[in-house]
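The two complexes that follow have chain A in common; it is paired with chain B in the first and with chain C in the second.
Now for the complex of A and B:
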């Protein structure tokens, strides 16, 4: 009986501290922004109310927020898969961009008479391209101990270069302006859920990825191994887990999810590929994963939060004297405090190295 | 340096020469229920080289950490220059002239040797506080010159050879006014000629008035270098003498100690081995080169039969860790072979060896034996997570996982609050029982166990010994590496002695004599000529 109560008490406080850990960066960001607003003579309460309204005030606003959150669901999961395993993959951005390009390519080159069936090969090709893109640094890390931070970061620039060349050259649309591919066939476009908002069916695919990630972490032997490798490599090796296979596996999974995200963005949001396809979704995804502590619910929370900031930010300056910079300050502060977690990871990496 | 000299004059009645430069009086220190120091007293006179020797875990390092202000004793006093002081921080110790050279050097690897030398006390001039590198260089050269050594100061510390790093570390402390140097196993990282250089340097420093406290477990070095020797065993000083008045054998006996009665009544329930014993593991001519800091192994050969515990005795750092890693598949074997139940496993991976029935209790419980931040549940099922009933194809059956975990933990009586608690929330003894619960769950044929009772309290030790005996009595084989000769004599059927990466002796446990084993362990030079 005594044990039972102790158990419940312990579980409750753990839940509380976890929830607090998730909310902490956001709360600090609110406090810092409130200070900034006071300094420029605005009432923080009014502005935050306005922002909350712009983010969640109506069905239209909510769907705009979820639309902005959609790519972050993918990039958040793609990042978390690796971070959870102690693999510091920062190449989600590149895989996302190339996945989008691959899906758009199938979307406008496949015969139009295939109809909606085009979507399947488009997603498949995006997954293959994304997986291959991160497989390379995965193998380099697993077999040759090449630092994954450097290799994946650099590969992002290669991805920008490749996509930039293709979209300005061989794949350039003849009918449209600069730096965009032709539109994908209408049948290949993902359905809009709540027109006129741009929220599209890719949102559900993102939620599916999130659920699959949650299942993978809790209910698969691979997910179990990946977690142990992330917590202690020496231990994992000593109980017979192959570290190289785990590293390669999580990089492949990360690439597949990134590719899916790019495909969803290309077929659902833009209906084509364009230069500047991603305004840094891969990097915001890192903040989402860190903020969410690699937990599925945390990632959902983080993606919606950043989605709301992005969608509210563009309109909030229309209705107040507040410059868009305020939103950037909030985003930046959230990131900084989410990065406290990142500092812990790099510390862990350094210990692992010595 | 001058300042502290003046301070010493005002403090002491005999300004020129205090009787005790650094001393400890009746130091007690507990870590939880483990008593690391129980009443240690030590007197180091100015200008002597004083060696502190003892087995690993005897309490030497704890004492040094206390003398350096890294830890505070539970009771007892520290004396500096005949005056009792409190050391709450290494900075305070250094201000009183006590500096420590750690086993892991404290140099910033990306800075040059000169930058490291002056780091924190850079000579600066001008209103902008520009660092005066010429003065810094001069100070460094002057100190190095006194010891007859020249240094390439522009070299990055990280790329400098180990003995140069060590040298810079030493003169860096001198530059900060250290008059007492504490060196923790300083020769472990050095090659033999460099050891001689280090000793010459230390002798020179002593002759210039520096006091040196030198921790070692290598008797040869103590005999060669020290003026006085203090032996610590199980947290107590067991011997103290001028080196000139004693010899290595006497010191060795004090390090090993008399065989004490086991603290807990243990019935000798060693089962008679019947004639049908099968060879479970045959090690033939196993050799590996020394890589980085690892020890080489040289033509190791032995066999382990079913139903027996083969013990390995030796001073830590003589190749035991490397041998264990070779056996369990965590280190590549360069030469020789391993045969497990008739099948060659020399090239088999750790996972393949585990699948064949080999289990491993790591000496490094908190980094390799357990993932301390993972749950108790994950720790006790790891390795079995791919086989039923926990695995259903690629998926996990979480309720089966909980059930299996609880069964395994209950079988060995591990006390825990929740399966989801991190493993580090358990006590040392319970953590080790958890490791055993995982390792013997699959009914292995061979259990490779290294330092199973390190940091475990008496009850935990008794429980672990019971586990090992039961396992052996049920026909299992155990390879047991331990620093504790008592433990080996209690448990093992045969004892191998390793020194310098070679097996230097083998004794039947029934007629093994502790003093003789101890001599084999520490007097490696005379052991086999």
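Now for the complex of A and C:
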């Protein structure tokens, strides 16, 4: 079935084209950024070596990389769940932000006597908020055929507006500055794994989500049906799969994972919610899912790669004056060229039902 | 007096949204949803500031911004039409890429993080003499009127005719609405779509130039503040009709202008800022509802 849609052009063996497909967007991104570095008279090889070293050179640096990769594990999975069914959900960012706000809210309002138990309702609330946030565009798509790209894109801005209002108004911390909520209770903070670094227990939750995603895609009937819908809607309908239910299911799953990601970032990393809570984790998550071809190992690889870029980018800016924006150049190029390939291989825009 | 100020401010705030929306609308008529209007606006704003400072002329700056936008749009289009990239993801990627690219240049060549302030930047001139400010009610708007605003509204009025009666307009719409037909009569729908995307880039570049040169005369990384997406919202809400879209833009421009005043009146500006997006959601739902009912009736 896959092969039917796989090749419209280009030969070579399946395995080769897959391997090349994985590396291709990243190679282009490396080429583009190398060009930028040459343009400013730096030796790209030196800079890339420095970045690799800063990303993976020692235990401390690896834990910084994994810490930066943690939110991307969640947003990568949340994006992939939808993309593999052909549902173009670009609203992970909004659900992530609101999930984080929800968890932080429970984290500082719940009575401190609950101790570490606060973490449970905090995660639960974040899951509910995230699920609800993406349920809305899911239902709109499934029942009214409302274009999910536009609806989720618009909902992102609504989420930014709502969270920006709350964090500057009703939930503003009295003690410290502006744009931040109070800190969550100490007991509600997720444990740090390797103390000087910010790597926290949320990383394991991210790995768990990834494993659950892998299980869901490979071992469950729902996951299989969701993939079929992504491959061929007419066929799926013909064999009796309810496409509206699949759409709603993947949007709910995406919302839950996004919410969990926001909660983990709020309780583990920042210990509060602040404006600018997410520097585009949802969008980087798209790059991660695309680079990883919606495959669990691919997502892990993509998340660690972008985590390394983010953490190395900061230090490289510090030591060599190379602007941190280089990371954005790489990310944008990866996104563009990941779909250049995908356009040929799997991810087709769903044909609308008539 | 306050009404006069609000009208003037709304009109100024509308122009960049309107210019970008015109571009996006034509692009969508040709079959491409352009989600990277914001990137081209940002690039246009940057180029406008740099060129205006270097040459001391506003017209050259505006033209350079538009051409830069068109060039980016054309390349972007090639990725979509020739390399078959998904237009949504590629668009979001372009937004990230252009922002990163500009940030990089800003940081390295101008040694500044985020803001570019150059000497000798020429702002857009006013079309009417100062004395036009004495006209009641719309005086403020008249006195502030700049050539780009005039051009934007002129385009809105010309566009319905251009799309319905010229060869190019009809072909563009054919490329979007009936690509098979376009191909059957020997048109290259891909080239037409490339033209449409370059056109959108041209107008987004103008929009960026207006943002940078209308009053502030500098470039900032956050200058567009998501206006490319507001423009997207506008032509979705205006259902691709030029005049309706323009009126929606005017409403969004008014909200943009009113935000500043509402802040002083104690209304939360962040929540007001979500209105355009919520409006689009409602409009999409209503359209979906109508289509479903129509389908149900037909059965």
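We take it that the second predicted complex is superposed on the first by the 323 of 354 C-alpha atoms of A that agree within 3 Å, B and C clash if a C-alpha of one lies under 4 Å from a C-alpha of the other, contacts with A are read in each partner's own complex, and residues count from 1 in each chain.
Following the convention adopted for this analysis, a residue touches a chain if its C-beta (ideal position, glycine included) is under 8 Å from a C-beta of that chain, and two chains touch if they have at least 3 such contacts.
Keep in mind that what you see is a predicted model, and the values were worked out from it rather than measured.
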* Just from the overlay, do chain B and chain C fit on chain A, or is there a clash? -> clash
* Looking at the overlay, does A:93 come into contact with chain B only (first), chain C only (second), both, or neither? -> neither
* Per-residue contact with chain A, leading partner among chain C and chain B -> C
* Going by the overlay, flag which of 171-179, 207-215, 225-233 or 243-251 in chain C ends up clashing with chain B. => 171-179
* Touching chain B in one complex and chain C in the other: list those residues of chain A. => none
* **chain C - residues contacting chain A, complex** => 33, 35, 79, 83-86, 88-90, 92-104, 107-108, 226, 229, 232-233, 236, 268, 270-271, 273-274, 277-278, 280-281, 284-285, 287-289, 291-292
* Asked: In their complex, what parts of chain B are in touch with chain A?
  -> 328, 330, 349-351, 354-355, 360, 362, 364, 367-374, 378, 382-383, 385-386, 391, 394-396, 398, 417-418, 438
* Note which residues of chain A are touching chain B in the complex, please. => 3, 6-7, 10-11, 218-222, 224-225, 227-228, 231-232, 234-242
* chain C partner contacts - residues on chain A that touch it in the complex -> 36, 40, 88, 90, 140, 143-147, 149-151, 153-155, 157-158, 161-162, 164-165, 168-169, 280, 283, 286-287, 290, 323-340, 342-344, 347, 349
